[in-house]
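Same chain, two partners: chain A is paired with chain B first, then with chain C.
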Partner chain A sequence: MSKNKISGKAYLAELANNVPSNARRNFLKQGVKFSTGLVAAVASNEAISGNSTALDVPSWSKSLGSGVVSTPYGIPSKFEKNVIRRTVPWLTADKISSISMSPIQELKGIITPNGLVFERYHAGSPTVDPEQHRLMIHGLVDNPLMFTMDDLMRFPSESVIHFLECPANGGMEWRGPQMEALQFTHGMVSCCEWTGVRLSTLLDEVGLKSKAKWVLAEGADGAGMSRSIPLDKALDDALIVYAQNGEMLRPEQGYPVRLFNPGWEGNTSVKWLRRLEIGDKPWHHREETSKYTDLMPDGRARRFTYEQEANSVITSPCPENPWGSRGSYQIEGIAWSGRGKIKQVDISLDGGVSWRPTKLKGLVLSKALTRFSLPYSWDGAPALLQSRAIDETGYVQPTLSQLRKVRGTNTIYHKNSIHTWQLLSDGKVKNVQLK
Partner chain B sequence: MSKNKISGKAYLAELANNVPSNARRNFLKQGVKFSTGLVAAVASNEAISGNSTALDVPSWSKSLGSGVVSTPYGIPSKFEKNVIRRTVPWLTADKISSISMSPIQELKGIITPNGLVFERYHAGSPTVDPEQHRLMIHGLVDNPLMFTMDDLMRFPSESVIHFLECPANGGMEWRGPQMEALQFTHGMVSCCEWTGVRLSTLLDEVGLKSKAKWVLAEGADGAGMSRSIPLDKALDDALIVYAQNGEMLRPEQGYPVRLFNPGWEGNTSVKWLRRLEIGDKPWHHREETSKYTDLMPDGRARRFTYEQEANSVITSPCPENPWGSRGSYQIEGIAWSGRGKIKQVDISLDGGVSWRPTKLKGLVLSKALTRFSLPYSWDGAPALLQSRAIDETGYVQPTLSQLRKVRGTNTIYHKNSIHTWQLLSDGKVKNVQLK
Partner chain C sequence: MYNSSKISIAITCAIALLFSAAALAGPKTSYGLGVTPTKEEIALWDIDVRPDGQGLPIGKGSAIEGEAMYEAKCASCHGSFGEGEGRWPPLAGGENTLKDDRPEKTVGSYWPYASTLWDYINRAMPFPAPKTLTVHEVYAITAYVLYLNDLIEDDYVLTQDNLAQVKMPNQDNFYADDRPDTHNTRCMNNCKKPKDIVIVQSLRGITPEQEEEQEQGAAKVEEKAKPTLSKNALAGEAPYKQSCFVCHGSGIADAPRTGDKNAWASRLKQGTPMLIKHAIEGYIGDAGVMPPKGGNMNLTDEQVTAAVHYMLEQN
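Then we have the complex of A and B:
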């Protein structure tokens, strides 16, 4: 923290600490109604009820719109055409083994709509025929079994809201700020309602032998994506998932069936799941040796780093959501932890010198995105905005220098450090890192 | 209930009461693994790990799939093309003033994906430009105001998961069973995470005069759809909503902004909201006089019937989801109440003679869809399946005869009575009504 403090203090010379402590009603009155004329006053009630020019009758009020089932499966408004997943062209050699990010700068609440859930795969998103698809469970079991989709859907199901995050989220920023967009600094995270069968239910069916300790999950994609999962997780909250946000999985999310390990790095939740092999030790496959490991300063590699530790980021303001005129705003963001519920999120306006608690909004669920906000009356003073999440285990989101001290700079994954946005006096927001 | 009992008992002659009371593990073993050979046993582990013919390597495992951002805004698998909203051609004169239903027979969990939320409007779904759109609040207020979308989005927001239901849901069935599809008997209900500003926050801004008692909400569609809302509701949990399931409202859901009255009939949640007028009495507009009223047996009309009372329906099995071979199934369904949380859902297999409690699954939220299920080992015996919801106020979903006794048969709206599916010995499901 000491380094941050120094840098933050230098910056503080021009920073006005001007967050009001007054109640919401007064805050709004000052901010929206009185201070900036943001909301237009209406001349008189009479003018409005009569044939006022104050409230125009637009063209769409004078015509008929489109009929029902114009889109039997609906799509967003044409005015939202910029709210899409995006990829960073230079990040990967091609789009077949690549990643796209969710436009989290545009999202509200905690649910990510299915069309905007981030994508990550290693050999493209395959088109799997659910009628032909099979899931086999074998290895150290009493009765190896092969399941059709119909079989799986006859078991008792569960529906849970959890985030899903790639451990590379934020990874481009290990050595310095590169991305002038929230979508690219933190967009490898999404949150959905997932429905499926407890993996423990299926393992009950096959019957585990006493030596069973690990599960190999293998995908039906061209990469044969595979990961070793400890049996403890498989028997805890792991799910065999076939639906997201009410409907069947999207192709790029593993249609028709995937593993889902709540709170764990996304690649362990193997998509297009075709095979679960039960063994007594991990398999050391490609995606847990050459990939999804972190090279430490001493030359050794961290492996099986499953848990996504507590993280948070301010989504408003951000580079894509600058502030305009001075006045009242909500500083808002999302927080999440692979270890359970978010307990608290603090916000700093001065680069980590001082912190104030935010309000957690809406549902606060275990291993799910959680919204936080702080009302802020902005007088145009620049600021160094940070958020810091604390989860129910007491884990506190670290600073970047704390994380670098332990992990060095050769690593790619699990960069969950406190992020800094520089708010400029013109309301623009820059991605910066404090020394 | 007495009439149901008689009819149910006659039917019972051929009904075997065969729900097991054993534990889940045993239930599954009997049902899935041992009884019907549903799940294929695998010959040996060796055969599988080697070049087994047991688990084929399909074509999609031997090729590359599509790259990221092939669909910047994603769409469902082509194998899910039948999971769409549908309308009943004879129900309305045209599609401009019509309704489409959600395919609730296919949905999982409690979230309805935005592409499948039911549609209802009176002059088509307009294309509203959010830059030009304004919301005016005027009438018995101190400071009438006009809000842009940017203004609205600077106020503190809330995100809540609630169902939305047309009061005509099930209305075609008042006089007898007509629809051989769950999508058409109950598909005018959906459930989303809605994000917006508390209406009370905006009313604080304009300042209510002491005589204020009612709010007129008016839409910007060609119908100028309008409803009178009591001030109590406006100051309670009513929201000015701009987002659903994380993204901006879909056009057919009122883009860019709508009123949302949790638990109340859908038409009161006026879409494409342009005007809120504060008054001292209701306006008696078209949609609360000639429409959205119920003609009672004595010739008088029920009006301002806002609350959607507790309702439930079994979604599996249903006409679209028949059972195949005998064995283990989950009888599953959805329940909801406009008055609060679902407390309990019971299932009858004998047309209401006897009832057994189900398990409520996942999140049980106020004024939201709630899932229930009951494991059932089916031996091919026919059954009369019913579900009965009880909400936290103690309200019990009525039988059809109870409802008809009070409301007669001239009514269209608020048919929330217990629904009956007839399960035949071949697993097919028919829509029936008990005398």
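Then we have the complex of A and C:
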């Protein structure tokens, strides 16, 4: 048998930071071409009052619109075409094991519409027939059980609002800023109302043996996505979810049923869930060894890094939402913590020299996106904008230098550092990092 | 189904309320839902393997046996020596690089347990046709990948009893989550000196354009062409999506892209029967490796033939 020594070669498949040179060439076309129609229109009042046609009775006021059920399942206005998920093609070898980001720069409030929730597949999004689908629970239990979807929906249900985040969110920027768009720097996070049965209810039904300590969750997709979940989490707030934002799960989100672990890295919330095995030890499967472990500078690696620590980012302004004329603005953004509620978000305009508190807006829920805002009168001065979240455990979102000091630049996952936008005097916003 | 279950939910909600009130008082609730799977049914689904070997089916295989299987089913993506073709992940190499500026995490350099390799190949590979390998193939190919990483000899026969004894070099270098590991404080004023701030700008040229790229994917091409498909080609749509799209949809591994007229023009001159022969038997051309049946040996010759028709009718 012949065998050559393998020459060194970087593995790009997950979120490696090195960009192949041919991909770079492909994306040399630059520019913030995608700024929204909305911003362009609102940006300047002068433009509107200078435009006589805006005062004319518009055609839609003098005619009839389309009737009911012209789109039986409604779709957004055609003027919102730019509000879509996007991917970074050079990140992965193909689109089947890949990721897309939510357009968080366009979203309002804390709920992500179902069609805009970020996607992450390891073998594509399967088409699962709910009639045929079963969820089996077995292992260290008294009575193994197999449920149909109908069975699952007959248990008492709960609805909770929680964020879902890929631990690789922001992972492209450990070494330096790379992405001139909020959608790409932070878009692997979404927040929905999730409806389902508490996992503890189902575990009660099967009856746990005294040695039970871990749960293996396995998906029905081609990847058979599998993760080991400590029993404590399963008995605490884990849910077996079949609906999101009022309707059945989207296929992308695990139709017809998924696990949901509030506050934990997204891939533990196994989609297209078909099997839960109870055991006394973790399984150390590929998605908790080769992937989703955090390589530290000393060459060792952390594993089972489940929690998503407190994070925040300013969504307006951002590269996609530049400011136009001077005057009143709301600096606005989102914050979240996998450990509980957001208690406070501060904003800095001078790169972290001084900070001012913001107001939290609307619902402030545990392990959910939380909105903050600060009214601001802009005089055209350049600024280095940052937001810093503090959660109810007292944890303060770290600076990038603090994170790098402990973790180096090769951990890929869990980059939750304070983010910096550079606001230029022409209102454009650039993605920068501060040393 | 969903209509009927919605109604039943409404009804059971009320009942469940009564139930849980009772549950507080004493014995465990039992909703009486679900069926008890038989031992055989559980065994059919219970595919997971643990580091101590629990879950491994009875079987065996050596690297010598695995070489040809790997070459046929894995090498087109992962390379003959595990070096990784194009953008596909490498499976070998990278020893002693974990502290480097650009670490190479592979089965040999990073993975803590050999059981993980068996489990993953069995559940998820080959990528275009997961869960199609026999137990013997999984043992033999696992042995081959371990062999490529210098972890076992080529004639070592891997079995359900000795897999757990293969010690991976990096096994002891994993530890439990010890975060929070940063301790920022909530400073409000004079938190740093303005003159110390150094601004690092972003790399130019790698942010994807926001408009076209995504919409021009192969999916779009397919949709456009659908109404005119022949019966033969229609039958090929499912196998194509399952086993061919992964390469021919994106042009990855230098496969000719479906719908890309230029890429197919010269190939068509060979005549359809030759293209079908190449798709069924596999071949190595100037562009790269076309694995037999796209790596999914479960496809019948008819299905592959239909998939070729489906591909050609997209042009």
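Just so we're on the same page, the second predicted complex is superposed on the first by the 380 of 435 C-alpha atoms of A that agree within 3 Å, B and C clash if a C-alpha of one lies under 4 Å from a C-alpha of the other, contacts with A are read in each partner's own complex, and residues count from 1 in each chain.
The rule we apply is simple: a residue touches a chain if its C-beta (ideal position, glycine included) is under 8 Å from a C-beta of that chain, and two chains touch if they have at least 3 such contacts.
Please read these numbers as outputs of a predicted model, since none were measured by experiment.
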Contacts of A:427 with chain B and chain C, given as first, second, both or neither: neither
Contacts of A:114 with chain B and chain C, given as first, second, both or neither: first
First, second, both or neither for A:157, with chain B first and chain C second: both
Partner chain in contact with A:96 - chain B first, chain C second, else both or neither: both
Contacts of A:397 with chain B and chain C, given as first, second, both or neither: second
Touched partner set for A:281, first chain B, second chain C, both or neither: second
Partner chain(s) touched by A:380 [first = chain B, second = chain C, both, neither]: neither
Which of chain B and chain C A:340 touches, first, second, both or neither: neither
Which superposed partner A:322 touches (first chain B, second chain C, both, neither): neither
Residues of chain A contacting chain B in one complex and chain C in the other: 24-25, 28-29, 33, 84, 86-87, 94-96, 123, 130, 136, 138, 143-148, 150-151, 154-157, 204-205, 222, 224, 248, 274-275, 277
Residue ranges of chain C touching chain A (in the complex, touch as defined): 1-2, 4-6, 8-9, 12-13, 16-17, 19-20, 28-31, 33-37, 41-42, 45-52, 63-64, 67, 81-84, 86-90, 92-94, 97-99, 102-107, 110-113, 115-116, 119-120, 123-124, 127, 130-131, 148, 154, 173-194, 197-211, 213-214, 217, 245-246, 249-250, 252
Residues of chain A that touch chain C when the two form their complex: 1, 3-4, 6-13, 18-20, 23-25, 27-30, 33-34, 82, 84, 86-90, 92-97, 122-123, 130-131, 136, 138, 143-157, 176-181, 184, 204-205, 207, 216, 218, 222-224, 226, 248, 274-275, 277, 279, 281, 283-286, 289-290, 293, 295, 297-307, 309, 344, 346, 350-356, 384, 388, 390, 395-399, 402-403, 406-407, 410, 414, 422, 430-435
